[in-house]
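Take a look at the structures below.
Two complexes follow with chain A in common, the first pairing it with chain B and the second with chain C.
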Partner chain A sequence: MKAIELLGKGEEMNGRAYVKIDKSELEEAIKTLKENGYNHFVMLSCIDWLDDGEFELVYHLWSYEEREHVMLSVRVARDGESMPSMHELFPQIETYEREIHEMYGIKFEGNPRLTPFFLEGWRDMPPMRKDFDSRKFTKDVFGNISTIEEEEDEGI
Partner chain B sequence: MRYEEWSGIARKASKRSLWMVHFCTGCGAIEMPPVMTSRYDMERFGIASMATPRQADVLLITGYLTVKTLKRVVQVYEQMQSPKYVIALGSCTMNGGMYWDSYNTIKRLDKYIPVDIYVAGCMPRPEGIMNAFLKLMKLIDEGKARGWERYKKYYERYKKNQEMAFNFVKKEEKEEEKNEGD
Partner chain C sequence: MKEYELFIGPQHPGITGNMMYHLWAEGDTVVKAECNVGYLHRGFEKLMESRLWMQNIPLVCRICVPEPDVNEAAYSMAVEQLMDWEVPERARYIRTIVLELARISAYLMAIGGYAGSIGIYTLPQWMTGDRDYILDIFEQLTGARVYHIYIWPGGVRWDMPDNLPGLIERTLNYIEKRLELYDDVLFRNRIFFDRAVGIGKIPKEKAIEWGVSGPNLRACGYGYDVRKLEPYAAYDEIDFDVVKYPELGKFEALSDGCDVYTRMIIRRLEIEQSIDIVRQALKKMPEGDILLKHPNWLRWKVPAGYAFARVESSKGEYGYFVVSDGGLKPVRVHVRGPSYTHGINVAERILKGANIADVSQILFSLDICPPDIER
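Now for the complex of A and B:
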């Protein structure tokens, strides 16, 4: 695959190029791919590997000429390690980073808009982290709200 | 004539002219087009959709609400003029449905606004929705669809519940508050 040749590493995985890459090499790698036809940034996704103590960030790129999908996988530590922002290469990355910042709590250095996005008035830990106990949260917040029963004799 | 008799006549007339505003943020929105168009044609029962809540009688909520959309629903509901009725579609409005342990859905809707009719199903069929409207007409006729009166009467409690969902307090914060109180 062309992307693997360009970057000099990586493997083919279900018809896609899967490249494990270091945080410091990422910007250079995206630049190289962008200059060689991979000019569609598809998405940025995040996986929480709780047992490894790491987040995996996956940058998906697509080339219309090669009809090839590349996944650049970067690992960052869970305990507050920050990532350099890539929004200058593809402007849409800003929004993806904003979402991941809200849902996973990863800080992207250089992103000018890491403000609350979907969640309004959220005060707990980022909810998509694996150690966020959704069931307990639901119980604490919604379980305490009482139902409003009508009093029988009044007939309303 | 006494007021009760007049209101009975008014109810009889208004039950056949229900203007509906539908709040379709959940997946139930997809069941509305067949109900509204020629296949099931709810207009033959005198139900039509209204563009503004201020002139609507029925608020139809289709599926789950998040805390964020609940704020908008409360605003829409409070803009409507009495008498007003709420129909909630789908399991998500009853107990959260398949999102029962999700961090951002509000589960049971009638803790926050009064619901006159729940329609069970995930999603309910158009026939179910039609049936709910016919049932609502019956309840209006009998003077039993009184959710709006309940909202007025227990306004404080509804507001408190809404507030609890909007500004949830973390457990640690609660303990801090308690400690400060002591």
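Now for the complex of A and C:
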């Protein structure tokens, strides 16, 4: 695959190039790919690996000429490590970083728009983290509304 | 003149769903636009991490309301990649038919909505009515009208009833006849020419970098279609040409592309293309199995790995990124909706300098669908 040749590392996974790179090499890698036809930025995903204590950020790029999809994987520590923002390379990265900042709490240095995106007045832990307990949250917030099963005893 | 602020949405009829645009205007010219979403966030991606692989199928289709089938297809394809499954041939053809019918119905919604935004209120009524005939087909095939839960990893849920090809053919003939009326009301209408030509231009050289995809990209003159770039279902065995600017068939190229006019004409032409694809698929569809032998889905484990599947939806490129650690549930499912880029970065940029009266038609011409921004 061309992306693996260009970056000098990586493996093929389910028909896609999967390249593990370091935080410091990321900007250079995206620039190299962009200059070589990988000019469509598909998306930026974040995965929470709770057991490893790390977040994995996956930058997806696509080349229309080569018809190739490359996933650049960067790992950052869960305890507040920040990432350099890539929004100057592709404008839509700004929105993806904004969402990840809100949902996982990763800080992107240099992103001018890390404002609330979907959530309003959120004071809890970023909700997409694996250690965020949705059931407990629901119970704390809406707990005093009884469920239908509980009410059934009273004969509704 | 002093600048003032204007809020369009979420209850404004000229907005493409449950979202809001915050506009700053001088006179009637927009100087700055900001997209505001969050009215529709349902946390599907979080929910999917705590449900079994199979339990996620009824969830994913709810991500895009006008065209739910692309979600089922993309999620199933990603799981099939991880499982290393080959889908039976008949199932691939049935998927193609379902996806193309869904595309026609989504285009009817999109064009109807657009026509409403420039004041032609007849078309939304007609198109919603005609879309119902397609929903009738889905009801016979899947038992449901809107969310079908029909495309599964390994194939489709059940086979096509014997009378369905006849019903599909009759419906397609009807829609083809109606297209002539639509042309008279919208696509050959003076109002459309006066309002849409040259409005809402996406700079051609920036289109790919900004992440524009689907009909909006083809209106800029790039002939890129996922059905051709990475054929899925049975698209590699079907003969069709990508519709792109400036080859607009019987319609005239009145501008140099990338504008509202060209985007809507591309959608109109792709309805005909979809009708042709469904007819070919019905003719070529072989007999045989429709679903692979399934493991017990309560104890179904998917091998560890990363998979990305993309499909062409009526709004653009739809992608599913699925991560498994070899367990009963996915570690992460991330959805790439086309409106994520169109609705936020692209719309905010092209609304700058637009007339307030054109804001609504520009948004409709991008076919922004807030459910796939928020998931």
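Keep this in mind: the second predicted complex is superposed on the first by the 144 of 156 C-alpha atoms of A that agree within 3 Å, B and C clash if a C-alpha of one lies under 4 Å from a C-alpha of the other, contacts with A are read in each partner's own complex, and residues count from 1 in each chain.
The definition used in the following text is that a contact is a pair of C-beta atoms (placed from the backbone, for glycine too) under 8 Å apart; a residue touches a chain by one contact, two chains touch by 3 or more.
Bear in mind that the values here come from a model prediction, so they are computed numbers and not experimental data.
Q: In the overlaid three-chain picture, which partner chain does A:134 touch, first (chain B) or second (chain C), both, or neither?
A: both
Q: Once the structures are superposed on A, label A:39 by its partner contacts, choosing first (chain B), second (chain C), both or neither.
A: It touches chain C, and chain B stays clear.
Q: Let me test your reading of the model: by the given contact rule, A:47 touches which partner, first (chain B), second (chain C), both or neither?
A: It touches chain C, and chain B stays clear.
Q: Looking at the overlay, does A:94 come into contact with chain B only (first), chain C only (second), both, or neither?
A: A:94 contacts chain C only, not chain B.
Q: What's your read, chain B or chain C touching more residues of chain A?
A: C
Q: Applying the touch criterion given at the start, work out whether A:15 contacts chain B, chain C, both or neither, answering first, second, both or neither.
A: Only chain C is touched by A:15; chain B is not.
Q: I'd like to know which partner A:120 touches here: chain B for first, chain C for second, both or neither.
A: Both partners, chain B and chain C.
Q: Looking at A:1 after the superposition, I want to know if it touches chain B, chain C, both of them or none. Which is it: first, second, both, neither?
A: In the superposed model, A:1 contacts neither chain B nor chain C.
Q: Using the touch definition from the top, say if A:64 reaches chain B (first), chain C (second), both or neither.
A: second
Q: Could you list which residues of chain A make contact with chain B in one structure and with chain C in the other?
A: Shared contact residues on chain A: 118-120, 127, 134.
Q: State the interface residues of chain A toward chain B in the complex, per the touch definition above.
A: Those in contact with chain B are residues 118-121, 123-124, 127, 132, 134-135, 137-138, 140-142, 144-148, 150, 156.
Q: Would you mind writing out the residues of chain A in touch with chain C in their complex?
A: Result: residues 13-16, 18, 39-43, 45-48, 58, 60, 64, 67, 69, 71, 90-92, 94-95, 116-120, 127-128, 130, 134 of chain A touch chain C.
Q: What residues of chain C sit close enough to touch chain A in their complex?
A: So the residues of chain C touching chain A come out as 37-38, 41, 43, 45-47, 49-50, 81-82, 208-211, 213, 222, 224, 229-230, 305-308, 310, 317, 319, 321, 323, 331-332, 334, 336, 340-341, 344-345, 349, 374.
Q: If you look only at chain B, which of its residues touch chain A in the complex?
A: Going through chain B, the ones touching chain A are 67-68, 71, 100-104, 106-108, 110-111, 114, 146, 149-150, 153-154, 157-158, 161, 164-168, 170-171, 173.
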